[in-house]
Each structure stands twice: as C-alpha cells, then as structure tokens.
Amino acid sequence: MACNCTGGAEKQQQALSTSSPSSASPEDLLVLSSDPLHPANVICELCQLFYDNEWVTGTGGGISIKDGTNVYIAPSGVQKERMKPTDLFVLNYDDSVVLRRPLNFKPSACTPLFFTAYKLQNASACIHTHSQNAVMISLLYSNEFKIANIEQIKAIPKGYEPGYLSYFDTLTIPIIENTAHEEELEVPMHEIIKKYPHTRALIVRRHGIYVWGENIWKAKIYNEAIDYLLGLALKMKQFGIKPDSPIGSEKGQVDPKIYD
Amino acid sequence: MACNCTGGAEKQQQALSTSSPSSASPEDLLVLSSDPLHPANVICELCQLFYDNEWVTGTGGGISIKDGTNVYIAPSGVQKERMKPTDLFVLNYDDSVVLRRPLNFKPSACTPLFFTAYKLQNASACIHTHSQNAVMISLLYSNEFKIANIEQIKAIPKGYEPGYLSYFDTLTIPIIENTAHEEELEVPMHEIIKKYPHTRALIVRRHGIYVWGENIWKAKIYNEAIDYLLGLALKMKQFGIKPDSPIGSEKGQVDPKIYD
Amino acid sequence: MACNCTGGAEKQQQALSTSSPSSASPEDLLVLSSDPLHPANVICELCQLFYDNEWVTGTGGGISIKDGTNVYIAPSGVQKERMKPTDLFVLNYDDSVVLRRPLNFKPSACTPLFFTAYKLQNASACIHTHSQNAVMISLLYSNEFKIANIEQIKAIPKGYEPGYLSYFDTLTIPIIENTAHEEELEVPMHEIIKKYPHTRALIVRRHGIYVWGENIWKAKIYNEAIDYLLGLALKMKQFGIKPDSPIGSEKGQVDPKIYD
Amino acid sequence: MACNCTGGAEKQQQALSTSSPSSASPEDLLVLSSDPLHPANVICELCQLFYDNEWVTGTGGGISIKDGTNVYIAPSGVQKERMKPTDLFVLNYDDSVVLRRPLNFKPSACTPLFFTAYKLQNASACIHTHSQNAVMISLLYSNEFKIANIEQIKAIPKGYEPGYLSYFDTLTIPIIENTAHEEELEVPMHEIIKKYPHTRALIVRRHGIYVWGENIWKAKIYNEAIDYLLGLALKMKQFGIKPDSPIGSEKGQVDPKIYD
C-alpha cells in the first residue's frame, strides 16, 4: 500500500502559489485557498488518502463536494494522489454551468451521478471508489447486500428518521448493474434511489461503490464504515458465516456450529 | 491502508497555538502542551496510528489515559486520525466531574468502561478498537479465545503474579456479548473482570476489543501483541491448525499431519 | 507495508546538491535537476512508491524512462526505495552507448527488455515488478491471463485502435516462461509481442510482470490497473468465480449459483 | 499497517542533540552521530520500517550491527518504532564487554544469537523478526522450508561458493524448535548452522526468523526477499500449489491441472 507523504514538489509549488494568489484569475480563485478545509484542498487531501487505501488505483474513482452553489469535481482520468486544486472543475449547482474548467482535463463521467445524489438525496458530498471489497460483494450478492448485528453498522444513518442504525438493525445497500459508460448509470441510480430512498450508498456490479453524505466528512465516515463492513462480510463468508443471519431474540445467540 | 503523515494544516495550526498558550483558558491548559509525551498529545498520535491500522475506521473505537487524577478521553463520534488535543474531554478520576468539555462534542460512550478498567484493574490507560481480527475471532469462539505456544504471547503479563506469560503458557481472553448501547457493557465488563481478574483484554462479540495497561505504552504493546495473535489465529484456522492445541511434553511436538 | 516517508538523510543531501550543481560533471548533469518531473527524479519517486506496494522487495524489479534519445535506467541490485538520481544509468536510445555510468553499480539485466518495449511498441517508459499478484496468476494460468467485465479494465488501451477497452471487452495478457537470466527474456519477449502486438504488459511465469506505456504516467496507470485486476482475479478464484466468464447478452447476467 | 512518518517530537529532540553532542559522554558518543549511515541511526531507521511491516509488533524482534569491533544492539522490551540511538547497547565484539549501557533498559535476549551469527557465519548484521509469514511456515513444515523456481530466490547467496542462487535452484531454510527463553536458542542455532553452514536464515517454530548478512544492507535485502518467498509460499499452498515442486527438465513445465 502506497504512502505518498512526500507528495511531489509540484504540490509544494502549488502550496506556495496558493499563499500569494494575487495574480490568480477569478476562476482560479475558486480553487486556491490557504484554508486546508477549503473544498478544493479537502478533495486533494482525501484523494491521496483514498489512493493509499487502494480505492482509486490508476485513475479510478471520483469525488465531489457541493459548497453552497459551487460544486467541486475531480476531473476525468487524473491520478488521484497527484491531483492539485487547480485540476478541479467547478460547476454551478442550479444550472450546471461550468464556472471553472482546468486545462488539459475532461469533466468526470461521474458528474451526473454526483448531481443525482445532490438533487435526490439532499447530499453535499459524494465519493466514488473502485474498492475491491465492493466489487467482490457485487459478485456474491444479487440485488442487495445485507449485514446485521455488527457494531460498525451504527456509523450509518437510518435515513427514514433521524439517528443512526442500531446494533440490532440490518444495513441494506442496493446493487445495480454496470453500464458501458459511467454516465449511463444516471437513470438506474435515479430509479434505485426512488426504491431505496434512505440509502446512503449504492454498489455498482463489477465496478465499485457510490457513497454520499450531508457533508464531506459524513460521506467519508459512511464510506469508511461501509468498506469496513464489506471487507468484514467477505472474511465472514470465507469462514462460512452469513453476514446477515439474525442472532435471535436472545442477545448474542449464534449458531454454535460455527464455534471452535 | 491509509497514511496520514501529512496531517492536516489544522494540526500545524494547533501545534502553533500550543507553543504560545498564553491566552489559553485554564480548561484548555489541561490539553495544550509542547511536550509530545503529554497525554493529550499521545492520544492524538496513537489515534492516527490506530487509524492507519484500520482499528478505528470511520469514527470507531476510543482511547483514554489516566494521569494522576486527570482522565483524558477522546470524544464520541470524532474522526480519530483528525483529532486534536482540544477535542479531548478531561474528567476527574475520583468523582467523574468533567474538568474540560470540548465544544461541539459529546462524551464517549466508552467512558464508564474506561473507568471500570481503572477502578477494577488499577489500569492507567485503555484502548478500544473495532479491529476486524477481534470481530472475526468473536464469530469463531464462544466464551473464550485461547492461543498457546506462540512467542508473541510473552508480551502479555500473567496477571496473577509478576512477570509475563511464558512460551508454554496459554493466553485466554474472555468474550462478552455486545449490547445495544456501548455504556450497557459496563455491567457485563464488571462481571467478566470479576471472573477473569488477571485478563488485560476483553473481546466484545461482533464489536471489537478493549485492552488496558499500567500505562499507555503498556496498553499499546498489549493491544498490538493481542491483535497480532488474533490475526495469526485466523490464519491458523484457515490452514486447519488449532491455535490452542498443546504441543505435548516434548518441545515442538506438533501433529505431523499438518506438515507438508 | 513499509512507509519510507522520512526518506534517508542521504536523500536530503542529494536534494541539496541538486540545488547547486555548479560543480557537477556533464554526466551528473544528466540526472541532477531541481525539477521533480525530471526523469531521474520521477524514477526515484516511483521506486519508493513501488517499494511501499511490495512490488520491488529486496532489490527486485526495475524501471526505465526514455526522454528524447536519453534512456534512464535504474541499476542492477539496488534497494529501490533508497535509490538516488546519481545511481541511475543513462544510455543513448539510438546506439545504446552508455552516457552515464554510476559508480559501484552494474547495468540492469532488464536493459534489453526495456529497449524491446521502446523499439517494438513505441513505448517511452517501462516498469518491471515482482508483484506477487503477477506471480500467483502465472501459476494459475497457462499462456494467457484473461479478465472481462470489470470497470477497471477501461484503464487499459485497446491497442489495435485508439481508445480504451470497454467494460464489455476482455483484457488479455500473455504469459511467457521464465529463463535462467533476465536478459534471456529478450527473444521470448520479442516473439510474444509479435504475437500480441496490442498488449501493454507481459507476465513472466514465477517471476513478475513488465508493463509499458507512451510515457511514465501512462505506464504507471496501466501497471496499477493491471495489478488491481490480477489481485481481484485471485480473490474471485478464491470464491470460485471465473474472472473471464461472459456475463451474457443481458447486462449483468451472472450465474445465480454464486450468489448468497 | 502503521505509518510512523511523523515520528515523535522526541526523535526531533534527539536529532537536535546529535547536532551538538559537545556535552555528550564518551559512551553516548558511540551512538550519537549526524551521519544517517551510522549504525545507531540505521538501526533506528530500519526498526521503524520493520514496525510498519508488522515484523516487530509490540516489542517483538531485534536487530544488531557489527561495525569493526563495536556491536550495536537494540535493547530488550523496547517499542521498535519509537527507539532512539541513545536506547542502544554497544558491546565489544572480542570479549563481549558492554561499552555502553542505556538507562532503564535490559540487554536483548537475542544477544548470544547475534554473536553466533557473527562468530560462526562471519556476518556483520543480524535481523530477528516475529513475521507472521515465518510463524505460519513453521506450522506447515517440519524441519526445512523449501521453495524452488521463483525469481526472487536469486536475491539469496549460494553460500557454498560465491554468487547467488539461480532461478532453477532450491532455497532451503532450516527450522528449529522454540525454547522457553530466547537465549536458550543459542545451542540449537549453533548446531543447525553446523548442519546448514551455507544458510543465511533460520526459522524458529511458532516464534519468527533470524536473518544475517555481510552487512546490514545485505541482511535487510535477504530478510525482505525471504519474507516475500515465505508469504508467496503461503499463497501457493492456499491454491494447492507446492512451493518446492520441480518444474521438470523442460523450462516452465507445470502440472497442467493447476491451470484454469
């Protein structure tokens, strides 16, 4: 697993330029900031983290943050761990007009999917990874992934009412079929969200996962917790344990045959 | 696996402010120090390490250090790898009065469990993780995890007398059932410690592990050694080797059928 | 997995010397540059990344960049994560004359293979790793590795025409037998490229993989995407799923018996 | 997996003190140096690396470098990733007199084993880890681990004559039984080296591995290559492939039934 802590000298040059953006264009000012919590900086920091987690290998995956009416989106085909704030697209949320177009990059094919999460789910951030845990789960489940009675479930909101899932609840994540082109996932994503209005995530078969949240930190936490649960479910299956079997009315009742 | 070495610029700002805490409130002075071995700094450093180990994914897990009568506790629902000293709660050990309450955070639900380790076990530090090794082991064992005849066992104290387990001893870690709310684990933890008074750790089924020690470094070492042993036991089981089978009166006697 | 972020102080001394190369020899000027995107700096940065990925453990693997008529090559038997720009060989592309020969190092045995990728495939960068994913795949497939219908395939070019593989295409990577000496792979590599003229990669049985690209970043992206696919295929096989089975005429049709 | 790049502030304080050791005692001057390649600094750098590789979890493992007649040894029971040069013992090679004794630490129980590697094998560095790959292999093989026909074998010296193993050779590593106390391994280590005079490594059952070399970098490379091979062998066994099966007189002949 890679560690990119040294970053590239490019990043340092970028950081320097952000300290004195006096000559920056109005478009560049949308992404240049010395505030580490500015969406453009957060996107770059998280993409490096996701790369280290092997979630955005090659140029896979994508990420977007909606900040007011500005929607920040990582471009298509970029190495996520080497991305700089000036590589980002900025769109207007209301009319999808491109406010900032980076040189040499194309818009992400995930753009309509990010907007779907914003419009239908009132989300303000969306993360898309090619996590191998998500791909493997999509090969082992047909239409839904379910996991129950694992503490980490409590990191995920109920959705249908305020608050989070309890330990005794079941987390359900819908799975949709992949399409030839990423943007073609917009309609299936629209349909599946109508069917699962409370979900915060969507697995795309043989492809990866989309996770969204009320803000980028919520989206990051949901994504980490769900990936933990997907990976745990794979380990459970390797030992012949069903991830969604009920543990019964008595606390902790588990089929004794799985025990040593 | 993530590497967060670059930290956030927030952390650097935090570090700066700790260098000149002249205007800090008395409550903040409880957590602001330029000494890297101050409990508040150690907690933040170790939480980043635990995050990199995938032990506190999302906002999972918790940690506490008792220093004299001050008990430092990471707050509820915080991203462990982004935590700052000023995010910590400080409680008085004797009467549980809150000496410092961070803005925007709730106390950790682990608080009564940390105090149980301090009161019953004379511990001064307690680590709680959602380690997948611990969760998997809790799905494969009923009431106790046992492992014998592995060198790493020697990192764990006997408990019933001074000194550490020998290579020929068996390490036993009790397993308790999970509850709907973390604080409800207080009574079962109390009971299990009465039953296993020499244990330094407690596995919570489908949840994770609690490990404590005489100081934070001992707790860290026990936690690392135990997680190593849990992970090794899972690998042994994948190859059909029982982690707690006796190796006989002759040194190194092992069932020859497991050999190539 | 190792993190080498602290680097060695040697590296910093090296960096200092690159800032004031006034007294450097003409040969050294071929590899000393303050530009982080200079081929000599990129090779060192990527070798550290590959080490962290366990692709070049020990002194395994190799890397080369062709920049105009200069061919930069990591030397034989060097610890990749500790390599400095001054450790590199530089050869002339047209006549293979050595333009720069580092002290105490021998040329890489991969040299003729890198040139084969350049001459036959019009590549400008070539990466060779001892990835365990590649070695394991070479033990499970005879002459070709195939994988189909995985999103990550879209990172790999078609080769026979512009553009990239589609989600519904099959990626095929030829496998050749290993030889006693690395340079003896030149003829088999020549032959297999004639047979698979559109491939960007070549697996060497019980040895590792060669991946090349139009430039170093393309080669890096292809290598990451292919290693992701090799690792995913191993996981699929562990669950009894064939990586190259067709998903049928209907989108997403998968053998239902593999589902839970 | 942990990344400790930020190190601790202690390390930086240590580094500062090494810059101005004017007031240092003669004993401390044995371990204080601004040269990153000084044995005391190399030991600390490598211990952090080994910790990140999960080879010295808790306080497991050990390391020693012989430099002239000075033998540098990490102390007993120290957290390897937090170790400082001033934590090291220095012994005289000829008479084992302790030249430097750190405060608050006990000598490593590995000391007689390190000296055995130096005396019997003419080594100048010895690495001891609790690698789980080594422990697992020790549970699956009786007296010897063997692996053949894997490129990475070529990183290991023949021993019986100059030069390295060829691709068609078999690497053999002896396995000895663990003992109650680490220092009791001295006699078995002595005996096994007499029996396997050309080995560079020794697996201790249910414990870990010792690897030595002509200098620390050779020892590091051998250790990395051997751990790679142990880990690969475990993966091969999971797929039912024997790591030491001959590939026949024809190059690359493999039992076709293992293929897809």
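Letters A, B, C and D mark the chains as written, and numbering starts fresh at 1 in each.
As a working rule, a residue touches a chain if its C-beta (ideal position, glycine included) is under 8 Å from a C-beta of that chain, and two chains touch if they have at least 3 such contacts.
The structure displayed is predicted, hence computed values, not measured ones.
By the residue-number overlap criterion, the interface of chain A with chain C counts as different, with under half of its numbers used by both chains. Set against the Cα centre of chain C, the chain with the most distant centre is B.
Fitting chain B to chain D on Cα positions gives a rotation angle of 90°, stated in steps of 5.
Here the spacing of chain A and chain C, counted between their Cα centres, is 29 Å. With centres set at the average Cα position, the gap from chain B to chain C is 41 Å. Contact of a single residue of chain D with at least two other chains is seen at positions 1, 3-5, 238. Against chain A, in their complex, chain B makes its touches with residues 1-6, 8-10, 54, 57-60, 79, 130, 132, 135-136, 139-142, 177-180, 204-208, 234, 237-238, 242.
Chain contact summary for the complex, chain D toward chain C: residues 1, 3-5, 7, 35-37, 45, 48-49, 52-53, 149-152, 155, 166-168, 217, 220-222, 224-225, 227-228, 231-232, 235-236, 238-239, 241, 247, 251-252, 254, 256, 258-260.
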